[in-house]
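My questions all concern the structure below.
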Amino acid sequence: MIEWANTIIQGILTGGLYAMFATGLAIIFGVMRLVNITHGDLIVLAAFIAMVVIETTGFNPFLSLIIVLPIMFIIGYFLQRGILNYTLGDDLLPPLLVTFGLSIVIQNVLLEVFSADSQRLKAGAIETSSIQLTDGLSIGIFPLITLLTAVTMIILLQQLFNRTRLGRAFRATSDDPTTAQLMGINHKHIFGLAMGLALGLVAIAGVLMAVRSNFDPSIGPAKLLYAFEAVIIGGLGSLWGTLIGGIILGVAQNIGAKIDPGWQILAGHIAFLIILVFRPNGLFPRTRDD
Amino acid sequence: MTDYIQNNSVTSFKVVRSTPASRIGSIIGLILLIILVSFPNWGDRATIRLFVEIFYILALAQMWNLLAGFGGLVSVGQQAFIGLGGYTLFILTINFGIGAIWAIPLSGLICALISLPIAFLVFRLRGHYFAIGTWVVAEVFLLGFAQIQSLGGGSGKSLPIAIVKSISDSRAGREAAIYWTALFVVVATIAIVYFLLRSRHGLALTAIRDSEEASNSLGVDNFKAKLLVYIFAAFGTATIGALIFLTKLRISPSAAFDINWTTTVIFIVVIGGIGTIEGPILGTIIYFLLREPLSDFGTWYLILLGATAVIVMLKAPQGIWGIITNRFDLRLFPVQRRLKLKTDK
Amino acid sequence: MSVLEIKNMTAFYDDFQALFGIDLSIEKGETVAAIGANGAGKSTFLRSITGLVQNNADKFIYKGIDLIGKAAFDIVDLGIAMVPEGRKLFPSLSVEENLLIGAFGQRPGNWTLDRVYQMFPKLKQRKDIAGTALSGGEQQMVAIGRALMSNPDMLLCDELSLGLAPIIIKDIYGALPGIKAEGVSLLIVEQDINQALEIADRVYCFQEGKISLTGKPEDLTKEQIAAAYFGR
């Protein structure tokens, strides 16, 4: 019994990381109506940038974010304005195929620069310390920090989207980029900022991932699939839905792994497909607008 | 457009699909086909093997192009059917004693049946999400087949020597048989796609690609047409997959359900020209021409391909074949109906 | 001196030419109506002024600034606001947020949320619901208020009366004199000729992308307008 409780608690904590993967993807889709196949590779890119920053400055992983985060923001802004803005329109092919091509380019550039070796960021004692709840039930400090970061980010993003001038501009541009221009909104700039914001979240996700587990240039697509599944399970309706989606995925994976280690990832995918069968619009579908 | 018609008083017009280029093309095609059919009789072994690979990659490209370029169904998970086709062939030959060559089309048919419930799942995801949804399904097969111990689990399985020998006793005979099968598959694939697109279904498909909303209002049964394309592409892809793993003689989940199958095919179709039959052919030729000299630079080759695909998609979304047709009005496989105006001026 | 002066404006949608050399000028505080049949080019003309439709002209000067080739979002900040055809409220924004987004450019001026609510009191009671949940007339009020929030010197209104009941149209047009009193120039596209003639200082009649007639309402006869409208 306590073993299962432990499995579920660990799954919920894992879900925090998946929610971090997913919020950026959700924002990119929410504002630009763009599904970014490069998303997973950008998470890995952020992890490698953090690795370089840590090697050169000696910062710890958390502190490295003060450099990694702005770098990813800038990459996002120019990626959107220089390339992705030109793919937007009624045709689905260009954004899909362009982000797919970019994904292969980023993976292979990372492979060329950093080799296929597995890497990990060292955060010190925090990695292994945990809070003992009862016998056989403990919560790792670092996974807890990850989950709390996800929750904090979602709260901040909701404030940004619902309460600020920029947030209104994001929503208005997402609704109708043409009419938004009549409000004095430069939609291309707004899209650039949204991608920058999303990659800022990717920076945090990348560092959290890199402290928690090994990474190498090839793991991007797997992270994309987790992020995607969390967003779809959540139902595109709200960022909280995305958090729930991430947690469901994390719990499913942990239960799968407990049955048989080979079933860990498979169980996550199957949970996603089952939800797709019974709730094709996800658990918290979008109610307003289209 | 209207100005053009008004200014040149049209006396008569007819709807044509054949072009002079296509007539010359069919003669050249026939000669080429004769050369290719006779090739195992005089070609060397390494080239025969290379041709087999070119044939199945081209056939895969045609199938993906049918799906994405004509049906608007951008799947990143067609490796699901390549792998399923391969495994089905192994099961049919090993467990049911079916002849290796006959097992190829049979694998395709079985996988077409399997594609129905898959379609039921992935068709719930629209547009962009469909793409990643198909990828998840392919991953499920990859991870799932790794759990099946009777098929060798994660390390895979080889085709028993008796089955290999049943195709032909000699190695040369085997390779020729596989060569002709591969040639038949690729010619049949192109022919079927060509005639499918010239049929009424083809018109419906073009309408879907051009505008989902418009074709709905035209009364085209969108969902049915898409489902048909999806199932047919599953049949074709699985048939090719069965052929691929008959040539490789060994199958494992990570080779069978490898995303790189789809990556390669997407690059070929995008660079060659999506939405045409000629595009994938041109793309395949370019892919193999570049691969031979660049294969030593594995990573850089992929970076180059990826970057080229991105640039093509941004600057010339009709691909290299599109650039050629715009400049020379050349069509080898005219699937579009074109209005020819006779004017007296 | 004219606030807006346009000479020989042309506009294209891809290969299709929609405007063939439009000349038009508007004085400060003046109300000008553009009338004409469906497809005559009135809306294209408004959208050209806002920069949403690519256009060219020998002269396209607003308050001394050349607007040729300027982006739509820059033109708003210069003081030209538009109430688009079909209202085009933002579905994910509440009524109040729709109004606030109008002030995105933070151009200084007299218009505030309170003044818009004063003009359209119905909106204040419903400020927190989604803009698109309102009736057509109320949505039109939001669209006008949203345009005013940018503190424009010139307001372009595209088909204000379209799809609205006569009593609501009266309400909407009743708000225009108050806006005019602020010194705002108005350029109105309207299919309802009587409504247009009643409010306008001058009218321009569009026909197949050209101007077929212009003048003050009191100087024009019904026959002249009919001829200019239907092209006989």
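A, B and C label the chains in the order they appear, each numbered from 1.
What we mean here is this: a contact is a pair of C-beta atoms (placed from the backbone, for glycine too) under 8 Å apart; a residue touches a chain by one contact, two chains touch by 3 or more.
What you see is a predicted model; the values in this text were computed from it and never measured.
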item	value
Graph class of chain-chain contacts, one of line, ring, star, complete, other	line
Greatest separation from chain A - chain, by CA centre	C
Distance between chain centroids, defined by C-alpha means - chain A, chain C (Å)	43
Chain A and chain B: spacing of chain centres that average the CA atoms, whole Å	33
Computed distance of Cα centres, chain C from chain B, in Å	53
Chain C, residues touching no fewer than two other chains	none
Residues of chain A defined as touching chain C within the complex	165, 168-169, 171-172, 174-176, 178-187, 288-290
For the chain A and chain B complex, residues of the former touching the latter	29, 34-35, 37, 83, 86-87, 90, 92-98, 100-105, 107-109, 111-112, 221, 224-225, 228-229, 232, 260, 262-263, 265-266, 269-270, 272-273, 276-277, 280
Parts of chain B lying in touch with chain A, wherever the complex brings them together	68, 72, 74, 76, 121, 124-125, 127-129, 131-133, 135-137, 139-140, 143-144, 146-147, 154, 211, 259, 263, 266-267, 270, 274, 299-300, 302-303, 305-307, 309-310, 313-314, 317
Footprint of chain A on chain C - complex, ascending	50-52, 71-74, 76-77, 81-82, 84, 88, 90-93, 97, 100-102, 104-105, 107, 130, 132, 146-147, 150
